[in-house]
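See structure below.
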Amino acid sequence: MATPGHLEVRNVSKTYAVAGRPPVRVLSRVSLDVQPGAFVSLVGPSGCGKSTLLRLIIGLDREHGGDILIGGQPIEGPALSRGIVFQDHRLLPWLTLEDNIALALENARWAAADKAAAVRDHIALVGLAGFEKAYPHQLSGGMAQRAAIARGIVGRPEILLLDEPLGALDALTRVRLQAELQRIWRLERITMILVTHDVDEAIYLSDQVVVLAGSPGRVATEIEIGLPRPRDRASVEFVALKQRILAAMGEDAAQRPAA
Amino acid sequence: MSNTAEAIDGSALVGRAGGPARPARRPRPTQPLIGIILPAIIIALWQVAASLAWIDRVFLPAPLTVVTAFWKMLTKQNLALDFLASVKIVGQAFLYGSIAAVGLGIAAGLSRKVEQFFGPTFDTIRHIPGIAWLPLIVLWLGIGAPAKVLVIAKSVFFPVFLNTLQGIRNVEKNYIELASVLTLTRWQLVRKVVLPAAVPSIMVSLRYAAGLAWALVVVAEGLSGLEGLGFLIFRAQGLLLTDQLVVCMVIIGLVGFAIDRSMYLLQRRVLRWKQGYDG
Amino acid sequence: GTGAAGAAEALPAINLQLTPWTVIAREKGFFKQEFDRIGTTQINLIASGAAELLGAEAAAVKGGAIAIAQRMIYPATVHRANGLDGEIIWVSEPSNRYRAPILARADNDNIKTIADLDGKKFGSSRISCYWSSPFEIAQKAGLPLDSREKQGRIRYTSIDNVAVAISSVLSGATDATTVHLAAGAAATGAWLSGKLKVVGRSPDDGVYVNNAGRVTYFARRDFVDKYPEVVKAFLAAREQTRAWTFDHVDEAAEIVARETRVPVEVAKFQITHAGEWEFMAGEPNAERARNAIKTFQAWYIENGDDILAERKLTDAQIDAFVDERFFVGGQYSIYN
Amino acid sequence: MSNTAEAIDGSALVGRAGGPARPARRPRPTQPLIGIILPAIIIALWQVAASLAWIDRVFLPAPLTVVTAFWKMLTKQNLALDFLASVKIVGQAFLYGSIAAVGLGIAAGLSRKVEQFFGPTFDTIRHIPGIAWLPLIVLWLGIGAPAKVLVIAKSVFFPVFLNTLQGIRNVEKNYIELASVLTLTRWQLVRKVVLPAAVPSIMVSLRYAAGLAWALVVVAEGLSGLEGLGFLIFRAQGLLLTDQLVVCMVIIGLVGFAIDRSMYLLQRRVLRWKQGYDG
Amino acid sequence: MATPGHLEVRNVSKTYAVAGRPPVRVLSRVSLDVQPGAFVSLVGPSGCGKSTLLRLIIGLDREHGGDILIGGQPIEGPALSRGIVFQDHRLLPWLTLEDNIALALENARWAAADKAAAVRDHIALVGLAGFEKAYPHQLSGGMAQRAAIARGIVGRPEILLLDEPLGALDALTRVRLQAELQRIWRLERITMILVTHDVDEAIYLSDQVVVLAGSPGRVATEIEIGLPRPRDRASVEFVALKQRILAAMGEDAAQRPAA
């Protein structure tokens, strides 16, 4: 059970207090089991607690019910072995693009030259070569998002959490970055947990798609994607899986008003 | 795998550290014990220094002597009147000085023209020692309450003005753009965007300036009068009435502390929305 | 006195106040002449600040930054009453009517004599001669000053800063004040500018002139006990300087102007004016000095001084406070 | 429709107001003419007041008299030495005070424990008038340079400390979370995240404190000594040498202004990234 | 020519200076002609200048080449008759959700009760009922985006600029809000200019899709969408248009490396 890098989320619950309203339960007994090197996608309606769950897994918020274990050990806060790409890009406005990305390597035990090279390569990877010295306010929304992706992957964490990393990108850039993510995932055997609203993307990339339902956030279904890679987005199986997932999401939506 | 834990979940939600019963942000006690350590050490050292005569009592009387002196001043020497006299001066000066500073600070913050108009003059004047102005102030305002108020208000003005201005300059451009898109008027911009964003910066300067106002009461009351804590301090200082001196110091310190904490609490209320760094 | 042991140990260096007479004494070799004899070779003159913060200066004496300090008799007594373990090693002769007069603006025709101050505003520092002298003058004229508790006939307000007190008179914020005309730089300039006139003087037979208006030299008791010879040398040097100065006023004024950084006319005024403080003759008789303190203490208490009322020095304390070893007949006296 | 404009486009890009030749953010002249208006008015009023004898020359000598006095002080009275003496005191005090304040401010900002430990004591002490401390300071440090430096440094300390602390508390939680996710050490957090974000707040307090240090040189030099601008101010007041008094005021004002502007320029350089509100 | 509300963008160019690099031309001779009440979508690669163009149209940035006219008049800065939903949600952190939305009505000449009702209705419209008193940091990414949409439309501007307003929303919420946008557009005859990366969305909603190409940003093609409404996303014509637009975007991408 205690495989290194094995992520277990067990019956995790989370409640937020908002002034003037009774406390809101955001997550209710969410359980996940992510094997090392797996690619899991989370899909679900806006506000169902996806980002909250990622915050718990990365270790930013320790106040929750249930257990979150990695390799059998409860997490003790953030660690370099876990990376995250936040939903907002969260670039530091006072650092240039390259310094922002280099920040993720600050504590990596690499040679300085290797760090510089890694930063350069990842800037190129996300298509921002030439903007090394630009400050975040000089980047477009999509460019900032790509920079955040570069920062997330440059340090090669064992587990990478991605919170809608490709949301602000045009279709072409998006496909290209999906391919890059997949390449890196395969090459480095990074465990990836991706929050996305694009079901195609989820199916194309993942071993498993977890459908969350809202109010309070809980796991509606987990769907294994057994398709061989590279996947054909137009294949019958692909489309069938997409229908199943959309149905799972829709059912939930259909139930909600009644509940 | 995830089933094993299911049985304990119910209790987990109530009993354990991470349970949802806990609000997301723990309300911190505003005056925690740790803050008492240093004052306690200081008072202990003071007592020891007095008992062992490390420091001549003429310069540092024992704590008990100070308490006795306090009692005597209170009951026999109208300390309360002195206190009120000072509070009146300090309060007025703080009010006028900080209102003027916040007002002008906002004006200068909103319009670089205004800033450029006043900037060089203010930045020159504020460096000039207050004591050098005294004769001119006496010439124009005499030696009554207005002069005293001016002496203090001038010193209150500058930190608040500078912090208000800087607070506004720090408001994110994004928000100003939003205001402009919503065609907010100047006044709406101030009320809805600029002031809330600048509040932390303004508040810290108000807290600081309140202290400054007290510190200057000695200078101001040196201008004239036979009452006020400033007068008592000056007299005590000159005649080595150190017990009375320490009484005044402690009173001002504690009052200042109380003012400070109430402003801090106010600030916390005003800044409920703030997701700053809690340390 | 237990000073017999004093001869044992030499004091290599001493810190003294930088004042008009000490700079002359240094320049003209009177210090060298007196101190060399007892092995004190280094004399440092310390300029205690222009701010004249008495408490700070007392601390300087206590801390050893200044060995012997000049002090008016009232603050010296109060310092003692408050427990500062010091003693007086020299007291001046009685003061005179010129030292702490009441001043008004020269062109103020409404105020010509003390009687014109009825109902007028008077501002001066409450903790010094600037209060006791006008208090006595006004009382004699039947026009008591206001006090903290009781309204009198003259509106008295305390103004701690001398520059402000004078500015107030010049600007009309107050009608009169009292300052020493020739003590330090504080008021000399205003007087020399001709903007002020004298409207009242201390009575020659009063408490101020004969008792409260005297100057003293003040030192830590343990210092005096350990180095009585040093104290004596100091007093002797002062006597010589005094004599020399009166014979060489112009040269002395130049030295004072240069060393204390005042205009030469101010320096000269501070030497020659009848109200000068620096070069007063000493009071040789310890008993008379003690009586001066006893008398003015009684007078202060009678007139509502809360500090001395509460911390009154006993006669025995006053006797011990004035160290007779340095007065006529004493072991280390310069008057013998 | 859109074709009509095509012909003029080429020239438009170069010639007109909106052309791309202009950088997006115009570099503002740092010392624009508008800032001179007020000082000019003040000097003009001063001259008129002196010429028409509105104000007695004892209180306000004519500008020309002041210039003459300045020249005389410079050539005959070693004004430069006094100036240097004060600069030395002020410079040291400012340095020590602000370094201590920024250091402790960062420590308190990073750890609420530290803040709670020092907070109540500092918030009490800083209200107590400086003059009340003088006897104790003199007792411990004598009346030489260290005492003077301490008197000024104490006053420099508090505004900088408070602004540093508040600057850090205002750093957006998001960025702190990012740092925590990147497992930055304390020191990295300070260097890369906290300090840059707090710089505007710290800088404004440093600018202010520099002014305060100058203003306090009078108090400090009143403690002892026969040199320095503070001494000159005291002497000028006592001797009613108002021309010399004004010379000192102007010197301090202008020096302060120069310091202020250089710190402002430094701040602009450091804050190139800042998208604040320009007014 | 001077129809009220007629938006003309004529040969607009824009250059940004970034320290340490030569000035970058972001827009080059962009021309658009938007009839009152039209629905125009802008699509194009990340960083091609879409947001920049919106900033120019709304009047936040007057430093550009060419002319931007509304009803024949050059724009003079922001006006209540033009609204925008920014790419970042830009909610004021110190205002609650309802206050944030009410801010857009600050200068509307409506009765206070009408304003309150409008705020309430629009909060409900974007599915945030119950969160009126929440501060922005208590909202999820998608919720904040929806709040920004509510703020954009509550004041009923004549021209509304939308910068990827639905980017962070799940498919269901997205479809619902698309329908709402269309309903409001039809009902109130608001001119809408939508920046989106979702070509389906562009076709489904617009009269015209403008494809921008990058480096420097310029108009690649303008495609009229003649389909009757409501549109069927699965219809042959729809799919054909989508192919055309994707091709126009892809061509550009194919050309770019060569250029």
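Read from first to last, the chains carry the letters A, B, C, D and E; within each, the first residue is number 1.
Rule of thumb we're sticking to: contacts are C-beta pairs under 8 Å (C-beta built on N, C-alpha and C of every residue); 3 or more make two chains touch, one makes a residue touch a chain.
What you are looking at is a predicted structure, and each value in this text was computed from that prediction instead of being measured.
If you tally the C-beta contacts, which comes out ahead, B-E or B-C?
B-C
Measuring centre to centre, with centres taken as mean CA positions, what chain is farthest from chain A?
So the farthest one, by centre of C-alpha atoms, is C.
In whole angstrom, what separates the CA-based centres of chain A and chain C?
The answer is 83 Å.
Counting in whole Å, what is the centre-to-centre distance of chain C and chain D, each centre being its mean C-alpha position?
The answer is 41 Å.
Mind pulling the residue numbers of chain D that touch at least two other chains?
In chain D, residues 56, 59, 131, 134-136, 139, 174, 219, 237, 272, 274-275 touch at least two other chains, as defined above.
Send over the residues of chain A in touch with two or more other chains.
Within chain A, the residues that touch at least two other chains are 16, 19, 88, 137.
Touching two or more other chains, which residues of chain C qualify?
Correct list: 53, 55-56, 58-59, 62, 163, 167, 171.
Report the residues of chain D in contact with chain C in the complex, numbered from low to high.
Answer in residue numbers: 56, 58-59, 131, 134-140, 142-144, 219, 221-226, 231, 234-235, 237-241.
Can you tell me which positions in chain A touch chain D when the two form their complex?
58, 60, 77-80, 82-84, 86, 88, 90, 92-95, 103-104, 106-107, 135, 137
For chain D, which residues count as touching chain A in their complex?
Where chain D meets chain A, its residues are 174-175, 177-178, 180-185, 188, 192-193, 196-197, 271-275.
Over in the complex, which chain E residues touch chain A? Could you list them?
Going by the criterion above, the answer is residues 16, 18-21, 43-47, 50-52, 87-88, 127, 130-131, 133-134, 138-143, 146, 163-164, 167-174, 197, 199, 246, 249-250, 253.
Over in the complex, which chain C residues touch chain B? Could you list them?
Contact set of chain C toward chain B: 53-56, 58-59, 62, 75, 78-79, 82-85, 123, 126-128, 146-148, 156-161, 163-164, 167-168, 171, 173-174, 306-307.
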